[in-house]
Structure formats: structure tokens, C-alpha cells
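Each of the next two complexes has chain A plus one more chain, namely chain B in the first and chain C in the second.
Right, the complex of A and B next:
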């Protein structure tokens, strides 16, 4: 468990709602939930959540910190925005779920083997390298994210799809050697570094 | 000088030999016919779509789209930003809204942008290509260019999620938007009126990380198109297109179905109806061939 997690535990002393309001993107909205359940009923992956959004909101208020942050729930969000479009109170539920996912990852509480948590990190690493996504490398890193053995199995399973993409020129092996990129990668990365620094400074401020 | 000029954000998947490069080919063809000029934002970057949140916090993610908007302001000051990809459009618009609502975030974003020598004003309109077609060109004008009506074709208009929510197209409902059906009718084909999976989710990026769960959703989307007698599906979104097209063999193997449903972009439909060749309409980018469109294009 990270020091940051312990700092937050010490700081909020069981007031998890306040912790979410202060530290989670759009977390201020959580208290507005009236428990109607439309979000949970509208979610395409609803049946697969340990705790659907409505439950998550109540659990936050009930102070169930670890149960929320360690759950796989918010990693089930497909970003379809059904919940946002339908919420009678106008909560930005999709963004809150993303925010909870970001926060749980930052605290070191996100489930280690959660496939979307892993894939989303691969996606971020991929795009920040050159400013644009390298689809071929992203696909390969996804197949091999659980080790070489499973990677070969997955690659074989996906072989036909890959060949179809190659045949229709919607994929190119050349992407492996270089590939698409921003020209000003230096400026791009300096910008991201600065954004990260500023965000960390803000987090530090709320944590002090 | 073209009649309509825009600052264009193509997005990663539209690049050469990327997964929706066929979308870009057909968009270029369509725009040429309609006298729409797309000026690519110089040196644009990825928007991190809706899946950047594991690695990137709020500010780094906002900075990504802010850089694109700032570059657009610099290069094409008076032109609206237009995106063809649903996720690109959504991320850019969300960034604009969030920064306009939060002056502290806006100031921090500009501090980050300064590292790349940029500054953000953030007052541009950020639009999806279908908004341009509907609002700036209009159905009537879209129809005037039809040389080969797609008569006899029945098409399921699959709008999907992010072209529809949370922003959507002005005047359309979230639950049953009609614009794609109207486009289908504008090119002389018949729209599936009761296509109940029109705005259902295909799993989005989770098709990669949670294939079984996503393919269950995709199966229903395709099945519903068959139930409604569709010859093909049309969509405005690169992720919808890819997810509903490329996994059909795997879905058939899992569920014992016999799906072979072509899924095309609206820009491909329009290009064929405008009398363009199969290549110009990017029909060669179909993994599941749209035979009926090929026949019309070949006539």
C-alpha cells in the first residue's frame, strides 16, 4: 500500500465522501445522487459490475472506502454516456467513474489483474510516446500483457482479424518500425510533464 | 475557394494504414463532391479517447485536447474544428467545456501549453462531420448530388454512443435520433425504422480488454439488424464500425450464428450514391464486402 494511500486515510479519518469530493474528478457531484437506479439499469455492462454506479454512490456515503476503490466496478465503464444522458439529477456519472478509476490507481488500490485497467495504461503509454496512437504496437502489447504464453495464444486467436486488417490496408507491419508521430514530440512531452507536475502539486495541496 | 472550410481533426485511427483509414478516404471523396474543404490541424495529437484515465490524470488529459484546439486557433483562426471520429469530437468538446467552466484548470492548462509554445483562447465551435452535413449543407443539398440512388437497399442506421451522447446532434433525441435514417433516405435507400439497437453500446474500447462481454453486446446489435431485414449497417463512428465488423467470425464461432453483415460509414454510402467508384468510396476497406454497393458503384 502506498504512502499516499496512508496519508489520505489519516487525513480523512473515515469521511470517504469528503475524500471523494476533494480528490476525485467531478467527485463533488456524488452527494447529489438520489438513488433512483436509472444509471445502473442503463449500463450496457450493468450485470458485470460488482457494484453498479448507484450502489457505488451509496457506498461512498456509507464510507466503504476499500470496497469502492479496490473493486473492479468502475473499470467496467464503456464510456457510452447512457447514464449521463438519463440521470434525472444530471450527474456526470461517466466522468465520476473515470475519476474513481484514476484515483484508485493513484492510491495503488486498483485491482492488479483488471484487464481494462491494464489496457488503459498501455493505451496511455502508447499515445504519450509520440503523441499519436500506434495501433499495431498497442494491439501487440495488449495480446502480450499477461505474459508470453497467453500472448501467443491470443495472437493465434486474433490472427484472422489481423490478416483481414492487413488485407484491407487498415493495418501495416511498418508501424512496428517507427510509425505515425507528432513532429513536435519534445514540446508535446514537455507540456504533458508540466501538466502532471501541476496536478501533483494540486493533489499535494489538498493532501497537506 | 471552397464553399465550406473547416479546421480538421482527423484523429489517430484515420491515418494511413490505420483501422479507419477507409473512413478518411470516403470522407475526402464526399467532401470533394460537396465542396467542403478540410484543413488538417498541423501536428495534432491523440485526444486519449475515453480510455486515457488509467495513465493520465484530469489535467494531462485536458492538455491533450487543449493542444489541438490551440494549434487550430493558430493555423485556422476563423474556422470551426471538425472531427470525423466520435471519440475525438467528444474529448475535444468536453475539454472545451470543462476549461471554460473552471478558470483554475484553464490557467493550469495554459501554463502546460506554454511549454509547447502555445496559448489557448478556447472559443471555437467543435463539431462532428455529421453536424456539418446536416446543419451547414442540409439534407436537400445532400440529396441534390445523388446520381445513383441506392434503391432497393434496406439499411440499419447504427448511431452508437458517442456521436449521440452526451452532446448529440441538435434537435435529435438521445433515445431515438433520426438523422442517420434521414441520410439513408436521402440517398434513396430504405431505413430500418424500428432498429432497436440504434443507440446501444458496442463495448467501445472494452472490446479489446473485455472481448467476451463486448461481443455479447455486438451480437445483439447485428442480430437486431438482421431481424429488421437490413442488408447492411451504416454508422458514423470508427469504433462502432470496427467492433461491429471485424469480430463477426468470432461471434459466429461463439454463438453458432451465421453473421455476414457489412458495416459501412455514412461517407461511403454518400460517395456511392454520388456516383463515385468503389475505390473512392473506400469499399476496398470492407472486411465484410458490401457487395450491393460494389455493384452500384460498378454500374
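Right, the complex of A and C next:
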């Protein structure tokens, strides 16, 4: 993975804006930001980010590659679309945030301990197994995401809700043992594999 | 004119007949107003009503028409009679529309209407029909000072319309500042790339037009005269002087780039690779589309940094306080010189606020971003020598960090300084008989008030920013282009077109002896009775338009065609020897005197409102249209400008028992809205002295108030009247009622 990162560093030699343009979804738009700050002001999570969107865009232009790609900021985006609705320059900010997150993940630079990043991985792993989300397992893995101790604490805290969900048949304990799947799991897996191949061919990534 | 014969006409339409006792008004017109003919009509502004009045003019010899109907601002086309004076008693907007229709208020409403009829007749009695001014000018030629884009555009526009033009250009070639540029900001869609400047095309047009005469290496060594008959001495470098006559003058003297050597902290003068915006144009011209090379060692530039607002928008000593308006677009354009030649060149623009006004503005900015010009909000602290080129130290205001960056070339986005000649407020006025040429002057006017057009702020020539942008404070002389405010090429071109139209309007008015503007078509002009004059010079000094000179004996000399008919001189004159045929100390003074003043115990105070006819009076009319009401004790008289208010009116009103006086004029000061620029300001100075009068009469200061009213003050203006009514109630009635 870090090979790929090095490859990109060598390829763009400090021109991070160009790297973003070429590799990040909607990255082409970053140059058009006029630094008005409306997005940062509109973002409900902005105050909790290290770098709200406006700043991220400026950092990209200032060539702060590591700081941006290793940042937890774009992982904080909840896709509320406030910023897109308001950006006077029409930047698809939400999409750029997700694009940056994806790219940093691909480069192996995504923050390991960032909760939404972690959860995204859990969700992916859960989903790709059977082609259906196993909610019980996903819930539990979320609880235990940060270790056994915290997992038990959270589970106990949530137990009433859990029991109620069982009672009203919103959740089945049987899911824990296997769980439901899509009709053709094999086909589904093959599809994912193919998609990954196509993606890798597209971005010209060598090792993975 | 033959004997005075007043005809008073009272309209009963628009509800006037129901709300007012029109028969009584007719009696008043006859008895108090001394009208020889009085008629009522159900619908006065109808063809039939108008015909009735015209018949009286034709058959009865009526030459003073008093119309008791709507506001003087309404139905002006219907009530437009020739060779008579017209007075309008405002019974509709001024009485029935601003008073509630209630039985117990009928009496005071009727009194209001009666007073306006008396006032209208009094005004009529003291007016005469204006004959056009004696001086007429017939010269058609336009003098354009400055041969840049603005001047050339003005000349071409005028010539195309059929007016001959002389361009006087102080350098050896046409083109001005834009002539030194490699390319210009685009003026038409798509606003994406720099384009050729219009200079070559304009020069060709000027040269091809036989109506345009060009004087190069030439300056104006003397300008005299007035609209329609200016005379200018054009002196060339060789020493030869020719005198030409003109009908109007367009000053397009442009601006000079700010001297960057005042910016050593930004490395200018210390490093050859720190250049200003003009020098960058020269580097681009030298490169002729190839790679731009830096001055020190001829190395091809790979990284260039632009510093915006260099020496501008700053109150540091020697800096410009203002924004020059086109530097942001210029830097974007210049960054494109690099990017278009080689997209790999790093171009960075360090800005404080990026300002891109005008049509190309936002699109051109986007195009710069699209070409990957980097825009960075940064405050530059200094530029010093680095190892391979200038090193820029700045604070990134978004990322909140200090940054040091080396560049091959640094460009300072310096500003523009208006070529507006001498600041006449800072130098002594031209004493009669002591005039001499000034090399710093653009026009070298031999006017009493000074050699050049007055400055407003930051050395730009004063022109009426809001209403009449091309009209300067010297009638018949128009400014356009960056000499009157910062602007770019496109705006300068638009500006030149506007100023040319104004010049043509003025030439045509001068031919028939009418005021050019803002009282366009006015035939009245100041009439001065020399015998009474005490040579106090107030009129000469206070005239906002430098229309009054002085003769050797120091008597004022009125230049009618330079005059704007504001009446400021009339308001200033302590001995009241200045008047207009249809507007004078008497026409207003007699209206004041003819208001019926009930005695002290009647509890019916009288409030005199002198309202500027340009803003305050229309505001009150509009208030009436919207059903806002104000005190039944107010009597409103429109004045041409607050500047025309003579303190005698105030003193007389106080002496004859008015309980309160309100003066309503336009905003004064640097952001003035006064149609006559200084009128409102002069009035305020004068009124500050009214306090003494109040003191000698032992009256409260609060009885006289001066307010700035905008045309939009529809709620506020009536409220101020009501406030005065309340204040009078508290203070009690004036003891001066007889």
C-alpha cells in the first residue's frame, strides 16, 4: 500500500492540487473554491473538525499533502449537504470530502483510530460477507470496536433497547449464527472482485 | 411684461370638492390673493380644464397662473402654459391626503388649504416670467483633455455624433496607460483570456476621423469662458501656443501608476526581481508571447508571486487609502500571461480581499482559478533577498500560519493616483488680476475659485457620485475615467460615452441660453443688483460651481451659463441683492408672510417647513400618496436647494409668530447627496448662526431644526414634522403673534 503512496509522491512531486484533481472524486473542483468560508460556517460539525472544508481546500492548494490525507477531518462529514446547498461557487463539497477520505484510505494514510473510518470498514466487511448487512453483528462489532471493556459497557447500556427490538421482532438472535444472505453469494463476491480489478486498472495502481 | 394679472384656478376633482369648501377658497383667492380671475373646475387637469385656463391667458390677459390642485410634481404636462408664471397650491398631496377625513378636523384642514391658496397667490405676485439668459454660446467643438482610452473614446463618440473635437495629450503619443499594456482584461464574453487592448483600434479611428484634431506633447495653459464659449490656450513643448474655442470640455486626464519606490519593505528598489504592475507589462511585451524572463539575470520565470494591495488600502504614511479598483483583475490577467505560455509555471496571488468588479469580474476570476493560478489570502510582511530570488514572508490568513516562499519574480499590484491637477481647496484662490499659469494644473482655469476642478476624496475630482457622475462642479466641464474614481478599461469606456452625451446636452442648452443641468431647461438665472452689494464675497466663495468671478473693483461677476440655478448665492447674500425672476427672497418671503397666523390663545401653532424640492418635498408627496399624515399646523414651501435658504426667511418667520421652523435638505459631507453638492452644507453653516437670532428673541433653540432627508424618508419626514408639533406644544406658543 505504501508503495502506491510513494508512487504518487514521486509522480506529483509536490503538486498536491494536481494530485487531488487527478485522483480524488470531484477533485477538479478544489481550485474553484474562493475561500469565502460559507461551507465551514454551514457545517454542523465544522467546529469539531481539525480543518473544516474551506481550510482543507486551502491546505490542498498550499501543498500540505500529509496533513490533509492523514487528517481525520473529511471522515467527519455526515453528508448533510448543507455546504453544497450554500457554496456560492457550487463546489460539490460533500463528495469531495468523501473523495478525499477514499483516496487517503487507498493510499494507506487514513487515520486508524478515527471512529467513522473504523465503522466504515466494519460496515464494509459485514456487508461483503453475505451481500446483506447483518445488523446484529454490525451492532455488536460497533460496540466492541474499541475493545472488550468498552464493548461490554455499551452492550449493557443498550440492553433494554436490544430486548425490545427482539420482542417486537425488529431483530433476530438467530442472526448471530450465520444470518441471512443474498441469493447468490458467490456471484456477489465475484462481482465485487471484478469491480475491484476494474478500479485498480483505472487508477493504474500496481500492488495492493 | 404687461401688467400683472393673476388667475387662480381651484380644482374640485380627486376628492378636493368633497373635503374642502372650494367656494371659500375661491373667495380667499380673490380677496386675500388679489386674483383678478378665479375659477373652479370639477376636473382641472382634463383637456377641458386646461382649455379653460388657456382661454383666460389668451382672452383675459392672465399672466400669473395659480393652480390650487395637486402637487407641483404632478400633472406637469397638463399645467404647462407658456409665457406665464405658474404657482401650484398643493391642496391634494399637501392637504387632503395628509389629513384624516374626520368631521372635527375639517376646520383645520380647510385652514391649511386656505393658506396654500394665499401662498400661491403671493408667490405669483412676486414672480416674473423668466427670459432666457443673455449670454448664449454657439460653439460646437469639444475639447478633450487626455489621449488615453477614455479621451479617445470620448472624442470618437463626439465626432460620430457630428461634433468636432480637439484632443490635447501631454505625451508624444496617444494611448495613455493602456497603451503600455501587453494585453487587457476581456470586455466581452467569454471572460476567460486576456485580449488585445483597444488602443490600436482607437488610435486608428481617431486618426481616420477628420473631425478630430490631435495635439501631442501639449498642455492647456489657460482656460476661460463658460459653457458654449470656452477658450483654451494649447501650448506645445516647443513653446508654441494656439488659442481655440470650445463649447464643452471633457477632462479625461486619467491616472498615474503609484510610485512603487515608496515600498522598500516589499523589496522594491532592493531587488530587480521585484517589479510593479507596469514593469510586468513591459516584461510581457519584451517576451512577446514567449517565456517571460526576470530582470536581474534573464532567467525564465518558473514561479511568480503577486502581492495585492501593495501600498494601497492602507493608512500608512505615503500609501493610498483607497482601492484602485482594477488591480485584482490586472494581477489575474498578468498571472495568465505566465500560465497561458506554460501551465507549469507556479503563479500565486496573495490577496487580502479579492475584488473583481465589473462585467468580466467573477468569470475572469474563475478562469484564473481554472488555469490553476493559486489564490491565497495572505498578509505580506516583507520581501527580502533569498538565495535564488526574492523571498516573500507572509501570514496565511486561512491556515493561520507564517510562511516564507521564494519566487523568481515578485509583482506588486500597485495602485493608481488620479491626475486631477491642483487641489484648489489647499491653495489660495485666484485673486483678480493676479492669475498665472501653473504647471501642476490640468486646465489652468482663470476662474475666481481656482485653476482646476475641485477634489473630493483621495485626490479624485469631485463629481456627483450618485445622481450625475460626469457632472463636475464646473458647468460645461465633464470628467470621465479614472480621474474621477478608480476604474478599469471597460468602465472608462462607458464613462467616456456618458460624459460625451453630457457635453453635447450642455452645448445644445448653451445655444438657447438654458441651464444645462440639473435644472435642465431652466430659463431663469441669478439677477444681481450691483447698487446694493457690499462686496462681502460670500456669493463668490459659496457658489458650489465657481460660477461667480470678480471684477477689478471686487464686485461679483455672474457667469450665467456656468450657473446651475441652485440659489446658494441668493441664500448667502446678506443684503439680498441676488434673485431669480421666478424664485427670490420675495417669492418665498411673501409666502411666509401670507400664511394666516392665529393669535396665541387659539392654540393653533404654525410650523414652517422649507423643504428641498429634489428630495424632501417628493418624500412628503410620497408620504401623502401612502396615506401617512402629519400635523395640520405645518405649511410647506419647496426650495430649490437648502443652500438657497436666506436667513432672512427664518428671522422673518420667527418675528411674525411661527412657532417652529424645519429645514429639510439633502445629506452633506463627503458622501453628499445634495443635488448642488455644497448647498446643503452651506445652509447648515448658515443655520448654525440662527441660534444667535433665537437668543436675541429669547426663543428656544428647539424651535428651528435642520434635517438631512433622503427621498426615501417617507415615514421619517412626516414624523419630524409631528415631532416639531409636539415640541411646540411642550414649549408653548411663540409670543410673537400679532
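In this section, the second predicted complex is superposed on the first by the 203 of 208 C-alpha atoms of A that agree within 3 Å, B and C clash if a C-alpha of one lies under 4 Å from a C-alpha of the other, contacts with A are read in each partner's own complex, and residues count from 1 in each chain.
Operating definition for what follows: a contact is a pair of C-beta atoms (placed from the backbone, for glycine too) under 8 Å apart; a residue touches a chain by one contact, two chains touch by 3 or more.
Please read all numbers here as calculations on a predicted model, not as lab measurements.
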(message) After the superposition on A, what does A:5 contact: first (chain B), second (chain C), both or neither?
(response) neither
(message) Under the stated touch criterion, which partner chain does A:61 make contact with: chain B (first), chain C (second), both, or neither?
(response) second
(message) Quick check on the superposed pair: does A:146 touch chain B, chain C, both, or neither? Answer first, second, both or neither.
(response) neither
(request) Please name the chain, chain B or chain C, that touches the greater number of residues in chain A. (result) B
(message) Looking at A:155, would you say it contacts chain B, chain C, both, or neither? Reply first, second, both or neither.
(response) neither
(request) Take the contacts of chain A with chain B and those with chain C, and give the residues found in both. (result) none
(request) Note which residues of chain B are touching chain A in the complex, please. (result) 12-13, 15-22, 43-46, 48-60, 62-64, 67, 108-109, 111-118, 161-162, 164-166, 174, 200-201, 203-206, 208-210, 213-214, 217, 246-247, 249-250, 284-287
(request) Provide the residue numbers of chain C that touch chain A in the complex, in ascending order. (result) 354, 365-366, 369-370, 372, 374-377, 396, 398-399, 403
(message) Touching residues of chain A toward chain C in the complex: what are they?
(response) 17-18, 31-32, 34-35, 54-55, 58-59, 61-62, 64, 89
(message) Which stretch or stretches of chain A touch chain B in the complex?
(response) 25, 44-45, 48, 76, 78-82, 84-86, 94, 98-99, 101-102, 105-106, 110, 115-121, 123-125, 127-128, 131-133, 135, 139, 142, 157, 160-161, 164-165, 167-172, 174-175, 180, 182-184, 187-188, 190-196, 198-199, 202
